[in-house]
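Shared chain: chain A. Partners: chain B in the first complex, chain C in the second.
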Partner chain A sequence: MKGKKLKIGIYELTGCAGDALMILNCEKELPAIFQAVDIQSFLMAKSDNIDDELDVALVEGSVTTEKEVEELKDIRKRSKIVVALGLCATVGGIQARFQDPQKWQENFRQVYGETKMELPAVVSKPIDAYIKVDFYLPGCPISKEQFLNFFTRVVKGAPPESYPQPVCVSCKYKENDCLLKNGLFCLGPLTADGCGAVCPSHNLPCVGCWGPVQGGNWTSEFYLLQDKGFSREFIKKKMANFAGTKLSEFWKQFDRRD
Partner chain B sequence: MKKITIDHLPRVEGNGGITAIIDGQAVSEVKFYINEGPRLIERLVIGRTPEEDVSLTPRICAICTVSHKLAAVRAMENALNVQVPHQTNLLRELMHMGEMIESHSLHVYYLALPDYLGFPNAIAMASKHEFEVKIALEMKNFGNHIMKVINGRFVHGENTVIGGFGKWPSREELLWIKSRAIQFMPFVYKTVNLFCTLNYPDIPEAETQYACCLPPHEKYGFWGDEILVSNGDRIFREDYRQLTNEFVVPHSYARHSRYQDKPYSVGALARVNNLGERLEGEAGRMFRKYFNDHWKKNPLYNNAAQALEILYCFERLPQLVDELLEIDNTPEIVSYQTQEGQGTGLVEAPRGLLIHHYRVEQGLVKGADIITPTAQNAEDIERYGMIAAQTLLDRGEEEKIRDRLDIIVRAYDPCISCSVHLAEVKTVEETAWENQLAEIKRQASPLFIGIGNITQGDDGIGPTLITKLKELGIKAVCSSELDTQNIKSLVNSDQPFIFVDALDAGKKPGAISLIPLLAVLYSSSLSHRLAPFIQNEFSYSQLKKSYLLGIQPRSITKQQHLSPEVSQALQRLIDQLEN
Partner chain C sequence: MKIVKLKKSNLHPFLQAASQDAELWAPVRQKNNKHSFQPIKDFATIDLNYTRTILPPRKLFLPPQFNMFQASLQGYKEDFSHVSPKVIFGVHPCDLHGLLIFDEFHRQNFEDPYYLKAKENTLIFGHSCWPDDKCFCQSTNTHLVEEGYDLFFSELDDYYLVWIGSSRGDDCLRLAPELFDESLSEEDIKGYIAWQEKRNQAFKLKINFFAMPDLMELRYHHSLWEKLGQACLSCGSCSLVCPTCNCYNVQDQPLLSQDASNIQRCWDSCMLENYSAVAGGENFREKRSQRLKLWYTHKLQAYISKYGKPACVGCGRCIATCPVDINVFTVSRALEGEEVEAFWNRLAKEVNP
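Moving on, here comes the complex of A and B:
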């Protein structure tokens, strides 16, 4: 980082703006961040935004309109590195549940009727459905610690750390009583760790909001939950809530075999 | 025609915009739109359990996540007949204060103040106002801290569940919140003084209706089982549809609302207007010191109201902690067996009234209806945008329109994720009146009303066109033919109308403009000739779909015929209207 500051852009597609907000939630580090890099565009924080060549683009939100598809492609063209920030960008978010176009249409009509919208909508997808993504930082929303860690490394030119372990690992470090063992439906074994097992530490089961952990053993977890007396339907629904598009392959194979 | 577009509103939470189109001396359109696509959250929860619902729906918005959680949980508890003990409500209130402090301090200091001090962002503002920026960040951080302690995380915490909390915070944590709150007091007073004495521009100013939750026990607060409207109407929570009446507009994925056919506003300013008298202590004293008539009609005062609420929260925090510390046994989560029911939860999010409604059958969500504050404010944002743009245009201050629209939208503190980024101002040579006219005709058959005098040259365009339209069998009358009787039936008919008149818009002779009647109403120069007509009690929606079709005259002198340019315009109009 000799002399020249990295040019960074932070973009929001469709989501709750939680990941951008989490960056603003780094209250203590914010002035240092604005000093360390050149923030070219960050709609939530400033009005003098420029859309030019970038070193790193952080993209939050899923793609849900044709216009966003274009915006996203433009961001890719202008940026050396593109990072998917948060659950919506990494897996499509909770809104990526209706992948079947017909089902999506039906639900769309339930909300908006027959009105012809000025910005045509598309089925919600993660950003890697349209462009190449260099790094993923999941979470709904991302955690401050993971973000600062990630950001420092990128600014220093080091590859970011990956988080291949499930929530259960942090949960064990915290010496919590295992909720699954007590018969509660917890998605900890299948969910990427990033929160430090917040929910189990509050006596509440993990609902899976970091999205599927890489290499999670979905099949065995499925049977384990079935053995505990949860119905197939119930398990499927719970697993689907925060998995976005990432489990569709698994379900196809699973349903074929079963 | 000029178009002012703020396509990506900076410094609002989310992705939306506002556009204004300027056609000569009139603002022909103001639209507040939400660029974000549809998320269909109300559909995602169908077939899910109530527990899944209350963890999915707060994902609508990061900055109102706690309010969404509370609205969802309260709705489910009403639907499933779960009564939580007083202590649980106290802790929920404390958590809610965290969100108010976080959101309001972010908004007033980071998103709004740079506008008034002339900086592009808060970080740039820090070069001159380091102290304010730093302490405000700490205040925001404190709000976040409260949410984390009680809800588990800054954003989308899961510790709040139907029936109570997964884990109760420790006495030490509560005591820390109290002592920290007291430390902030000097800065909180500073904040109130700063934002209550800022030089807010007096454009736009116009009366509106305000709606908010009516808190119980004659207190100020952020939830209740009734809605209070500024005209005195009270609406029980389960009848919330009387207030909201949502409808879909093509330019936005957030549905709009009107109350009794008129736009209304929600948010801090609505609460202070409706409930300010209930403020006690220092907040009450400050309210009485600063509140005046501008607060009742100028949306920019929302920032002042937010500052007042920050004070209210900081005074309430120590009281809440004291009450919570008196509890010896922390309550268990209230369990329930009910599998069926319907219920509504009303909560004040920082940016206004938030409503969740659910129908549960066989333990699963069968119906969901969520009404967000920004969606409710959308109509008033457009109306105030129109008033501001037209007034500035009348005063010859067109260059100010763009920034003013920006500030208005920002004052409403929209969290665009309410489904929803910025302002665009466009000037057009000529409105795309052909398409618009065709669209108006497609939706309803309007009544054409001609104004003018055929003995005054081009001023005769109105009556002349009306005569032709009558020949074509199109519904048309001259204003001279209207009497109280047929105006009355028009008022009651909900039918749109289009005035046809010579209009000096400083354009080329024969130029045609189609201007929304609302713009005409808000203009000091355009409205004169229509005044006797539109004084009548037309409904807002009727006025909103009505227009002025103006034709630029060449000369208005005593002669019986139209100039060649205006005659050509006449022919174009007839061709267009014939088919």
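Moving on, here comes the complex of A and C:
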């Protein structure tokens, strides 16, 4: 895309800010990044932020306060493209495990007691629960390589590619032995690739931190893990860790059948 | 075809001579106890006491991911950086047959320079093997090999009988002719015959491949496919480890500070949901059962009809790899109407009793 530089904003909602940090971690490429686009707003990197019309907004973190709901809607209004950056923004993050309002209230009270909150909290949701999202870049945190591929495509006006394959594909590229086949609790087949199978390459089973892969067979893997001797409670807990709100329909159907 | 004899103690000196101007690759035992073809710096790391590597040797000719060319408005520049002179030692007959099928595929209709250039630059030294409980190459008739190698080493007591399969293989021997013995004794020949007979008896797994094209047709609409589809994790492992699977994807990767793109190629798998997705959001094989049927039609039916042999070389990798036991063995048994002990069968009973 020649001529005018794209106006970019990078925003952080509720999360560990690891995705924004990962962008800053692209140290070698930072000069090229800042040269290629006009970064209007990036709280972690600079103080003279302008919150105006944007070509692309990258939003990290899940939505957990009423104020964030408003901020997010404002970002959407002034951006041509909105990108969900990282696991929290794409699926709601670990903090989205408790979607049942009553259970959430209980947990909230347990942590904060009866303190009156300055910023009224809401049940954690991914950003697409409130606004239309154009692209998703999953990961906990996102990977450098994945971000740079994505960013370059956006800058050059090419549509970014999604990550519809499971971790197992990269795992086989690296010639790893299948940990699931060997009886370990590995969520590779259910998890979106993008990390390059980092954990299985070090003999550690996948915990699912890139979030659910499109078309994952959760029912089969649930029974497979049970077949290998893991308890139902344990499997449910582990599967829910990084799946956020994206599996609520699956669990409803699963529980109904059981 | 000439056959010569090599004392085992002369193997490393020979490999040293043969790989002077090339990178030597051979099976190495990994930390997880599984084997993999790896570049060799120290001959002591070569471990010939193996049955199958996790990935077949095709990874040396077409790596999982590589750059094909760089394109810009000015033209394109081909990238053959994955091609370099190599010697692969220790390739078993099943994998040699896999490469022969690969040769056929990448030569017919359109020549694939990325494969053929890498192949031209590689010397292939085969090695004899002993079957385990997952090997069924006798059933695919790929337990013996007559072509597709430069040299083939049959291991007997304290020596090898070495088959010379090409003029390049013969050139290799001439690098160190003093290491070889050209005269074989009657005992050597009898020793080889006895070894072969013993090996023929050692195969435990047998599959009736030549019944498969008919059975695939007869059971094309059988509920078996739904059962398999219910269990398949769509992880792609079966095809990624298969010596005859060759599907790939090509992606453009624009470069940030140049007006150019890298055009990258990576292994793909027909087991992945996205594989049959097309523009407009349609997908020809959205269901897992349809994708499995495609793979097995290719392996057990279509290829046999066209070439008179299955697109399976009996290496047993799908058996060793699939977490839910969907593999050529369990599927062929099920096609024959047998009750199979496999996770996919247990799942079907649990979910739809």
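Some notes on this structure:
In this text, the second predicted complex is superposed on the first by the 258 of 258 C-alpha atoms of A that agree within 3 Å, B and C clash if a C-alpha of one lies under 4 Å from a C-alpha of the other, contacts with A are read in each partner's own complex, and residues count from 1 in each chain.
FYI, a residue touches a chain if its C-beta (ideal position, glycine included) is under 8 Å from a C-beta of that chain, and two chains touch if they have at least 3 such contacts.
Computed from a predicted model, the values in this text were never measured in an experiment.
In this superposed model built on chain A, chain B and chain C occupy separate space and fit side by side.
After superposing the two complexes on chain A, the angle subtended at the C-alpha centre of chain A by the centres of chain B and chain C comes to 130 degrees, rounded to the nearest 10. In the superposed pair of complexes, A:Ile81 makes contact with neither chain B nor chain C.
By the document's definition of touching, neither partner reaches A:Leu184: not chain B, not chain C. Comparing chain C and chain B on the residues of chain A they touch gives the larger count to B. Once chain A of one complex is fitted onto chain A of the other, the partner contacts of A:Asn203 extend to both chain B and chain C.
In the superposition on chain A, contact of A:Ala32 is made with chain C only, not with chain B. In the superposition on chain A, contact of A:Cys168 is made with chain C only, not with chain B.
Of the two partner chains placed by the overlay, neither chain B nor chain C lies in contact with A:Ala129. After the two structures are overlaid on chain A, the closest C-alpha atoms of chain B and chain C sit 10 Å apart. Within chain A, the residues touched by chain B in the first complex and by chain C in the second are 203. Taken in their complex, chain A has these residues touching chain C: 29, 32-33, 35-36, 148-149, 151-153, 155-156, 158, 161, 164-166, 168-169, 172-173, 175-178, 180-181, 188-190, 203, 214-217, 219-221, 223-224, 227.
If you check the complex, the residues on chain A that touch chain B are 12-22, 24-25, 27-28, 30-31, 34, 43-49, 61, 63-65, 67-68, 93-95, 97-98, 104, 107-108, 110-113, 115-119, 121-122, 124, 140-141, 144, 195, 198-199, 201-204, 207, 209, 237-238, 241. Of all residues in chain C, those touching chain A in their complex are 30-32, 34, 36, 53-55, 59, 64-65, 230-237, 240-241, 251-257, 266-267, 269, 272-274, 288, 320-324, 343, 346-347, 350-351.
Residues 8-15, 33, 35-44, 47-48, 52, 55-56, 59-63, 65, 106, 110, 114, 120-124, 126, 137-138, 140-141, 144, 152-159, 161, 165-167, 248-251, 253, 406, 415-417, 421 of chain B are the ones touching chain A in the complex.
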